[in-house]
Amino acid sequence: MADEIQGYLDRKLVENLDRREFLQMGLTVAGAAAFVACGGSPTSGPSGPTGPEFKLGVVLPYSGVYAELGNSITNGMRMYFDSVGNQAGNRKITMITADEQVQLADAVAATKKVVEQDGVDMVAGYVSSPNAAGNRNYLDGQKIPTLVANAGVNSLSRAAKSPFIYRTSFSNWQPAHPVGTYVAEKLGKKRIQLVYAKYGAGLESVASFKETFTAAGGTIVGPDVATPFPNNGDQTPFVQAIQIDKIDGIYSFMSGTDAVTFLKKAYELGTLTRLALVSGAGFFVEQDVLAAITDAAPAGAITGLHWALTLPNKENQDFISKYSKKFSGRQADVFAVQGFDTARVIVEALNGVKGNTDNKDAFMKAIAGVSFKSPRGDFKFDANTNNVVQTIYIRKTVKDPKLGWTNQVIDQYPGVADPGK
Amino acid sequence: MARSEPATPDRLAVDRLTAGYGASVAVRQVTLRVGPGEAVALLGRNGAGKSTTLMAIAGALRPMAGSVQIDGQAVAGLPSYRVARSGVSLVPQGRRIFATLSVRENLTLASGSGNLAEIYSLFPALGVRSAAAGSALSGGEQQMLAIGRALMARPRLLLLDEPSEGLAPQVVRVLGDLIARLRHKMGLAILIAEQNLALAFEVADRIYVMERGEVVHEAPASAFRDDHALQKRYLGV
Amino acid sequence: MIRGRFRAAWRPGLLAILTLALASVPMWAPRFWIYIATQALIFAIFAMSLDFLLGYAGLPSFGHAAFYGVGAYACALLALRQVDGLIPLLVVGAAAGALIAAPIGALSLRTTGIYFLMLTLAFGQMLWGLAVNWTSLTRGTDGLIGIPRPTLAGLDALNISLYERGPFFFLCLVVAILTFLLLEMLARSPFGKTLEGIRDNERRMRALGYPSFRYRLAAFVIAGSIAGIAGSLAAMSNGYATPDLLYWTVSGLALVAVVVGGARSLIGPVLGAFAVLFGQLGLSTYVPRWELILGTLFIAFVLFVPRGLVGLVRRA
Amino acid sequence: MTEVRVSVAGVTVRFGAVAALSRVDIDVPAGERRAVIGPNGAGKTTLLNVIAGELRPTEGLVHLGEQDATPLPAWRRARLGLGRTFQRSTLFDQLSVAENVTLAVRARLHGGWRFWPARERAVNTEVEGRLEAGGIAHLARRRAAGLGHGERRILEIELALAAVPSALLIDEPMAGLSGAERRLTLERLQALPEDVTVVIVEHDLDAVFALAQRISVLDHGVKIADGTPAEVRANPRVQEVYLGAI
Amino acid sequence: MFLLAAGLSIIFGLMNVLNLAHGSFYMVGAYIAYSVVVATKSFWLALVVAPVLLAVVGAALELVFFRRVYGRGHLAQVLLTFGFTLVFVDLIRSQFGPTTRSIPPPSGLEGAVQVLGATFSAYSLFVLAVATVVGALLLVGWRSLRVGAVLRAGVEDKEMAGLLGINLPRVFTLTFAFGAGLAGLAGVIAAPEFAIYPGMDANVLILALVVVVLGGLGSIEGALLGAALVGLGYVIGTSLFPQFAIGLIFALMAAVLVVRPSGLLGRRM
């Protein structure tokens, strides 16, 4: 089995230069996994770490609709681990990836595989919220230190909080929350219609927006435009359901393919140009969407997110250029940042406990105490929610002469923490 | 060609043909021949294997053993369209008109070089109804259409499977005349499977009798017509 | 003494080997593989119920996941309301499956062949849509999570919990064996033979005086209730019920398992379920390009193993 | 077993523009052996399908005994005691010969729902007896799909007989049979109990005259004669369209 | 949608092959369109290239694979073609990555148009026009060309068609190629309208199957009618229950099949 995998990967490596970086990582990972499975012990260089190997189970989607997110997060992690020589606390760090895919059943199998088959010390990953939530009880029950690197479902910071699960990405509540205030107070737009993909993340995001927006005197104009998730059909009727004449703008939560088809259709129908304001959670116009729709992009859209490609701080500029160099010209995205920060939390916590992860409470405490300057700004955990506390940036979609369509930071709300209930 | 005689080969020569459906053998070791311009009738009861024999000759069934030659050219085992292109046309049992196609489409479907006007002159009724759907024709018209369709390929050998089935006696008589005319006018060789003895005798020069998948008797049509004892024995009439 | 004798004697042997092999799994297999084997067993129960429909009654249902999913939801809803007890949870799954299968069957059975396939698919997808949209009951795409496993009175005393993987595996094994025996008995019973008669020649059966529709409907409901039991087990095993369980791909995967294993054998689907699940989970957790490999395997399978895994054994 | 009269009154069946049967009246009193003859395509099989309930007549009524059976589905009519054979053998191809007959025997017991060991034993015994009587005991374990033509025809009839019908429709039982098989089949049919009503469609006139008490003649969907064998033989119209065609 | 269904219907009805890979042809068509547009900026070139390429692929697959499973029943075909869908989706992903792509509508068809007071995007109208034209052409060809007659004859009675000297294996190959080409065309046409991503195949396949079954197998008219009904059902469905328009379509199909078990214009099979 090991040889076959190795052989397969070797072939693919030669065949496909575009994917070289990812596969190189896969190579070491799968190779190491196979090696361990065969009962060998990892060799380490003369100057390498001498402690036992630290195995990190990475459960992310590498196939299905979220595969791109999985790749970005993995790249970000890889980048940070490489930068510290793949070791921390005198332990060599090995990533063991497993395909989260789309459905919960597969994510559960992937989680169990890394925990039980590979005996990992820690798990990181989960793009989709149901998958993170669906694995929560298992990880909590098995006391597996876990970092959620994307899934934003609020409950993980609230009712379903676990002492063993921390989140490095965001809660759905976070990016939306300041947007409500900003739109109502700073922009003075008081009549907003909600447009969202009807699933957990969409509902939580608009609820969070509504909270601050109405508190600041705004009115939600009904009815909501709720698209099926995912929406594989025509977006026209949903675009046409936007009541341009009665509103000052929309707040929107969609991402990926849904955002692409929606924005394209809104552009073609002229709705975008006639809307005074497009606002939303940042995913609506993140770099992946903007790259796909190019000139159908909603110029001047106001969105909230915990990162932006154009953030001027040094950490970010550094990250972006190195990322692009390392992964053959790929542009960094918010998911890569989340992966990068996740890896950094792990390294710093490992250093903090000097590589001793046997005492799980101490290790978790070390994780909770990690804070640093991330490409997205100040990063720290909230003891109350086990969720990241971070700056939410208000961004404006513009066409940059150098970067093409992107989001420019126009305001920021530092230290946004999920309320925890 | 295996034959050493220089004489023109038979139009159709079937040698020890065995065929059937799935695992069950319906026709066993059938040997028969039809000369150029000859009309031969295949008699026998329901289930004797007449249709199977014709289908196997036409290539709709793959023979399990034996050979089929058309003008000395082996065709056994070829797909039906190749057999058809070598000059064999089958008018199948039940006619199998394409019900959703018009009369004209039914006729022009065959890949042969036949002439539509010629068919319409043979069967004026078809000309009149050329735009009608196949399903709208009466039984007699359908039979005409089936024969006309077969003739469109300008065959050298015409296989007719129970053409009289379901037709009124008058129509059967017309059919008999028609087949006789076709034969003489176009120089067709004909192999006809029939239960209607009157039609068979009117058309055929020779007859073969089949029973339980085998050819059990061969005779000139005239001899068999007069031998009622034989008829009774083989056909139960 | 006449029934079923023309089938070769390979069956009992294969069965015994399979049972022993499965029963020994918790003793030697790593924990993860016990989990996979448990999933495969549950899937095998589901596939067997489909084989009963497909192989014996000749009904290619493409919406069978509906009953599986409904069973899972029924079990989940009950368990989340603090109903504890294995039997009630399994029974509610079976009942839910049967209850849904009855009207769907009554309507779908008006058609045959590919139309039946599409109609069952349609009903399956409608139920899936219901599971997604009836958020007050099902919590939509997030699904019901945190479903407890039942405690067993007798076992509790022995300090055995179904939360342990071994005991739960054995539970599934027992249910699978019971399912197999039940379906096997049904298949060999007059009822099963009647179904086969209807499959082969409905016209004849009607001429003999069999109300073919009722038999088919009965088969459909039985298969639905067993799928519901499989769904219950799945809900207990995973601790969640999501709309994914009802999605047509699950029905498709079960059909694949039946075809890969060999229809009309009841053992075939079990082998098929293991092959498909190990193929999918095994490949996807180890190899990046697993879909390509799995697809190629399917293609090769159709071309080179036309009669299913059981066909291989039969020939040997 | 109750005696069942079979009658059709004014039955017309149209397929599109073609009338397969036009206003056919045939009344077969209980216990009578009736043959229906006519050239190919005369509508004989259509008539049987109408009686059996596979085809709804465009017009007309079907009675079984005193009951109007016109609206009943085929299986209901079967439960009134009506059995039939098919022109083209329609067996249960995937099942063994014994299983085929078993299904027919059980049909009489109204159901394959229940499973009683005692009854199963009785069924099995009966099946064995029937296979023996039909001369196909040696085929018991063979799959029906693998049978030869003659064997299929015989099994076809055994299936109908196994249901012990009080009225039996038989469609061309002799087609394609060898002499020995014909004799056997004829004996099986002649051995039917006196009170069984029989409607038989057959081309083999020897068999028809050996079996039938009365004969109805169809031509182009129209009944052109009805009478004793002697009457029918003497009927000039019948001679013209059918016998006289020779 | 109609184009796809027509291709599927021809393949399905005539050849009695249940081809799940049909959606993959559509997806590949869209990706070819993407590649061609990125390389040459010409949508119109893609419109020609993709169907041709896919017809070739379809013919090759028919010759090498599908030919062997005729007569093996639908389930073997389902498994085989399901295998192909997995292979195609993975090949596409390895070539193009999992990201969503899109291409702009060809120049001249951007923007919106007012028709009868309602706003439509120009490209949507173009799609409608293409579908109508191709549908009309198909219908005309189906009804009045010899090829159409040959296909209909093949649907009705394969054996008889063979007896008339029609080379059915070749007709099958060409039919399959044509069906695949239509799917490719549908892919190209859909590319600017919808997003291009691995997985777009499965979404459209189910709908196409519904269209085919709704209309009745093996009938171009049926596919046309089915497509119209599904389209209409979808629009009505979106306005009634925006969350579950697809459910309405399935309900529609179920209702039709319950009343007419062979589809609206289908024959009994």
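Labels for the chains are A, B, C, D and E, by order of writing; each one numbers its residues from 1.
As a working rule, a contact is a pair of C-beta atoms (placed from the backbone, for glycine too) under 8 Å apart; a residue touches a chain by one contact, two chains touch by 3 or more.
What you see is a predicted model; the values in this text were computed from it and never measured.
Peer 1: Counting one step for each move to a touching chain, how far apart are chain B and chain C?
Peer 2: Between chain B and chain C, the shortest chain-hopping route counts 2.
Peer 1: Which chains sit in contact with both members of the pair chain B and chain D?
Peer 2: Intersection of chain B and chain D contact lists gives nothing.
Peer 1: Quick check for the class: compute each chain's Cα centroid; which one is farthest from the centroid of chain D?
Peer 2: A
Peer 1: Using C-alpha centres only, name the chain that sits farthest from chain C.
Peer 2: If we average the C-alpha coordinates per chain, B ends up farthest from chain C.
Peer 1: Centroid from C-alpha atoms only, then distance chain C to chain E, rounded to Å. What do you get?
Peer 2: Distance between chain centres, rounded to whole Å: 32 Å.
Peer 1: Using mean CA coordinates as chain centres, what's the chain B-chain E distance in Å?
Peer 2: Chain B and chain E have C-alpha centres separated by 42 Å.
Peer 1: Compute the distance, rounded to whole Å, between the mean C-alpha positions of chain C and chain D.
Peer 2: Distance between chain centres: 42 Å.
Peer 1: So the centre of each chain is just the mean of its C-alpha atoms; given that, what is the distance between chain D and chain E in Å?
Peer 2: 48
Peer 1: At which residue positions does chain A touch at least two other chains?
Peer 2: As it turns out, chain A has residues touching two or more other chains at 63, 198.
Peer 1: On chain C, where are the residues touching two or more other chains?
Peer 2: 289, 291
Peer 1: Going by the touch rule set out above, which residues of chain D reach two or more other chains?
Peer 2: Touching at least two other chains: none.
Peer 1: Among all the chains shown, which pairs meet the touch rule set out at the top?
Peer 2: Touch list across chains, by label: A-C, A-E, B-D, B-E, C-D, C-E.
Peer 1: Across the complex, what residues on chain D touch chain B?
Peer 2: Against chain B, the touching part of chain D is residues 16-18, 39-42, 145-150, 172, 174-178, 203-206, 220, 240-241, 243, 245-246.
Peer 1: Please output the residues of chain E touching chain A within their complex, sorted ascending.
Peer 2: Within the complex, chain E touches chain A at residues 90, 93-94, 97-102, 104-105, 110-112, 119-124, 193-195, 197-200, 203-204, 234-235, 238-239, 242-246.
Peer 1: Which residues of chain C touch chain E once you look at their complex with the stated criterion?
Peer 2: 54, 60, 107, 110-115, 117-119, 121-123, 125-126, 129-130, 132-133, 248, 252, 255-256, 258-260, 263, 289, 291-292, 294-299, 301-303, 306
Peer 1: Mind pulling up the chain A residues that touch chain C in the complex?
Peer 2: Those residues of chain A that touch chain C are 1, 5, 8-9, 12, 23, 26, 30, 33, 62-63, 98-99, 101, 103-106, 108-110, 112-113, 115-117, 129-130, 133-134, 136-138, 153, 198-200, 229.
Peer 1: Hey, which residues of chain B end up touching chain D in the complex?
Peer 2: Checking each residue of chain B against chain D gives 22-26, 45-48, 135-136, 138-139, 162, 164-169, 172, 195-198, 211-213, 231, 236-237.
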